[in-house]
Amino acid sequence: MKIGKQSAPYQAICTSNPETIIVRGHDLVDNLVGSISFTEYTWLLVAGSLPDEKQRRMLDATLVAIAEHGLVPSVQAARMTLAASPEAVQGAVAAGLLGCGSVILGASETSGAFFRDIREEAKASGSSVEAAAEKLLRGYREQKKPVPGYGHPLHKGHDPRAKRLLAIARELGVAGIHCEIAKTVERLIPEIIGRPLVMNVSSAIPCVLLDAGYPLLALKGVPLLARTAGLIGHLLEEQTRPIGFIMSQAAAAAIEYDGPAPEGFVANEN
Amino acid sequence: MKIGKQSAPYQAICTSNPETIIVRGHDLVDNLVGSISFTEYTWLLVAGSLPDEKQRRMLDATLVAIAEHGLVPSVQAARMTLAASPEAVQGAVAAGLLGCGSVILGASETSGAFFRDIREEAKASGSSVEAAAEKLLRGYREQKKPVPGYGHPLHKGHDPRAKRLLAIARELGVAGIHCEIAKTVERLIPEIIGRPLVMNVSSAIPCVLLDAGYPLLALKGVPLLARTAGLIGHLLEEQTRPIGFIMSQAAAAAIEYDGPAPEGFVANEN
Amino acid sequence: MKIGKQSAPYQAICTSNPETIIVRGHDLVDNLVGSISFTEYTWLLVAGSLPDEKQRRMLDATLVAIAEHGLVPSVQAARMTLAASPEAVQGAVAAGLLGCGSVILGASETSGAFFRDIREEAKASGSSVEAAAEKLLRGYREQKKPVPGYGHPLHKGHDPRAKRLLAIARELGVAGIHCEIAKTVERLIPEIIGRPLVMNVSSAIPCVLLDAGYPLLALKGVPLLARTAGLIGHLLEEQTRPIGFIMSQAAAAAIEYDGPAPEGFVANEN
Amino acid sequence: MKIGKQSAPYQAICTSNPETIIVRGHDLVDNLVGSISFTEYTWLLVAGSLPDEKQRRMLDATLVAIAEHGLVPSVQAARMTLAASPEAVQGAVAAGLLGCGSVILGASETSGAFFRDIREEAKASGSSVEAAAEKLLRGYREQKKPVPGYGHPLHKGHDPRAKRLLAIARELGVAGIHCEIAKTVERLIPEIIGRPLVMNVSSAIPCVLLDAGYPLLALKGVPLLARTAGLIGHLLEEQTRPIGFIMSQAAAAAIEYDGPAPEGFVANEN
């Protein structure tokens, strides 16, 4: 059956014949393999043209910043999944990536959309970035929505990754309107939201990448791609030094059953 | 409950405190972000130490070679999933990666294990690589198992990506025993299996990476990581030029229902 | 690290010891296995107590209604995934379920929330269901949001599954305020939205189940559980009569590459 | 491109037109919705014809037996995923199902194949079930492969679910050759493997269902379908009493970092 209104049966990413593979207009084998880095290729795949040196360095910096942060929930889910299903590494990676959501890891996307909204509000109303940011932040507070990309459970004073990414953006001359917006938001938060919330890596990534010309709608791809590398490291370790079931046992032991039970029943799951 | 025999509650990838994040012994923010490429970081995460220049170039070449090959089944699954569930880009990427299996895309892992087995057989029996390869290939033929990493539905004469990766391995001085084994297998296949099957990208990746010192058990991570970049490009395009439902309609139209139906029933799903 | 504000380390679903497994207060082996149907058990797991006969029949009817509708996108994604990764049936099922999203299949959840909002608006404002429905529908039109659970690409005149589910709810004496709301919305749509959109199965499921006492927040579980049964049927067939790659080839052939290519390049992917 | 040798573009599960949906030859709306239970429908979808009463009761019993066993790894992965990505219940269910693998939960499939192999060995060699089981068990011991469906981390004396399923198969008159094989294997294990391993639910499910006429290749669907119901219960609870991040914190706290770190670095992730 025909679902929806899609009507343009085209794609512009890759085509091939038995001898040649063309990606974004380039001959993959003759001009890309061996000639460019994976980061440059990622930019090409996503943005449609090769990055300049600044863009490449900015994307590299964000991917390195977000790829790994220890035994976070998505890594635990992936390692537990591999322990149960060692025949399918792809399933364990998938289980890990499914935790790149709106609450953790996936906030790069919503944070980038928030910065765009502030930029457009400033432009539409002819007001300053500060006035536009204040207006939108007040809206978030009224709706009790969390400000995406601000605050961190561990790095409360500041998120060192965010600070470093903004410093690199300045060094490279990439920093522009989105970095300005991001810092303005951080400055306004204590008064408007009522407590300080520092920029975390998920607001730093979109502001430096949007300033570098990376597409807004592909922002979620950055943590997803980066974490895949982290997950592969963890899943290799899980094959040689397994901890998936140890973590699972500890997690289960931390939770108590408080539902009904027949008289005399004594739980003992160990 | 305690499942299995896991007993060493350790990981050696990442630790942190509020100011500092340590990855594989390095200070993430001070020494890695902005200093190394994502490919170097991937090698560090997986192998535990930073790659040298040859290793980095070899990994870059394999990631670029495998990341994208048009509207393959896994890309279709991902784009259809995003069309149905636009709220969850992570779900669409996961759906795409779940198709990196033993039949397509995931063969890097099994192909690498096959080369290792040949290497170990030659060592154990004191025979030549050729004799060992012949012995194992005959075993595959007897069990009618496909030889992992050989043959390609489109690139029948030769897979240009495989040829290029081996050339790069030679240029870099990386090519060694695993490349030799891979080419020996290709040479023996016509006689032993009964028809020519060319090395495809999934046998080229393991032989050049194993020769470069990349860990065998992380080989499946290479197509998984690379394809994530390809999927992000496709999912960005799907958001702006959707084809997920067009592809689905064409796929459904290619299949006929041949089960029972009440008399007089006329199918019409368009 | 401690993420978020979770502080009550409890669950009330299942506990056990080596001899006994307790689910929702019942002895699983002595009182449930062999005594109740899977549908009754699903209700118990989700709602916390066993259903009465009407509730059981209503849930059975919705699960049967939504489980299968041929080669829809999620089934295609699952069958393509199995063709590529036959070693992991669980991955193919997961790929299929990831397409139960906000656009197709997953609308039971949003449709149920929409009905609840209308019910609460009527109560809060002391107005009629009709007035409340009209107010919310006008809001959807202004924001150009699709009305969840109305309209169907194939069943344009009426969705026979929706009609049947409402008839069963009436026969069982289950139909109440949510069914009334659902039909009121259908009646108002032509005038407010500007064209007729019939109730589809994704609005019928929430209205009959909410009237039966099924929890709103578990509504998405109904299509997810039901489709799992459909997917298992398809994946069994895929193992014996594979069509995953045939569908993929047809889907790819329906899309043309319209990006740049080197002069003289002729695509030929067949 | 054309992958593989698929050539029969048919499916025999479902067809439709705007008024009617046909499933396995039946009119879905007129003859199935409201008339049969979800378990009967599952059998129809999978096996192609409606079950008799014994088959229906046997399938119900297995689904109820395996659906829920507390905070097992797959449930933890699902709840952590929902905590991180509350926008995508389908992603959390998928993450949970990806843990139905060869080590836990997914063994119904491999156990069923093991019983078939014993049955076929007995037939081919004209030997007794006992002799055939002994031969195959010795093969498992030599290859140090675990016997699928035997042994349980919690239920060491006996798995009460397995015992109950076999009793039901006897009561219904369903028990046949596969139940005999399963018990023979249990009896032989202490001598051949060297320690007692009781039948667990993953060997009980295939023997009772194969005896009832359920298709071998769809056995993995039983735990997958059943656990989906369990997961939906847990994900509803996670929305109202979240424990995903509590479990994650406990799991992380159970693991120590034993890799290198700069001098003076003190980990403190709490």
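Labels for the chains are A, B, C and D, by order of writing; each one numbers its residues from 1.
Note that a residue touches a chain if its C-beta (ideal position, glycine included) is under 8 Å from a C-beta of that chain, and two chains touch if they have at least 3 such contacts.
Just so we're clear, the structure is a prediction, and the values are computed from it rather than from any experiment.
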Neighbouring chains shared between chain A and chain D, ordered by label: B, C
Per Cα centroids, the chain farthest from chain C: B
Mean-CA-position distance for chain B and chain A (Å): 23
Whole-Å gap separating chain B and chain D, where each centre is the average of the chain's CA atoms: 28
Mean-CA-position distance for chain C and chain B (Å): 34
Interface hub residues of chain B, defined as touching at least two other chains: 1-4, 9-18, 20, 70-73, 83, 85, 87-88, 90-91, 94-95, 98-101, 103-104, 106, 154, 243-246, 248-249, 252, 254-255, 257, 269
Residue ranges of chain D in contact with chain A within the complex: 70-74, 76-77, 80-81, 83-88, 91-92, 94-95, 98-106, 154, 243-255, 257, 269
Contact footprint of chain B on chain D as seen in their complex: 1-4, 9-18, 20, 22, 24-25, 27, 73, 85, 87-88, 90-91, 94, 103-104, 153-154, 254-262, 265-269
For the chain A and chain B complex, residues of the former touching the latter: 1-4, 6-21, 23, 28-29, 32-34, 36-39, 41-42, 45-46, 57, 59-61, 63-65, 67-71, 83, 88-91, 93-95, 97-101, 106, 109, 154-157, 160-161, 163-165, 167-168, 171, 215, 217-218, 220-221, 224-226, 228-230, 232-237, 239-246, 248-249, 252, 269-270
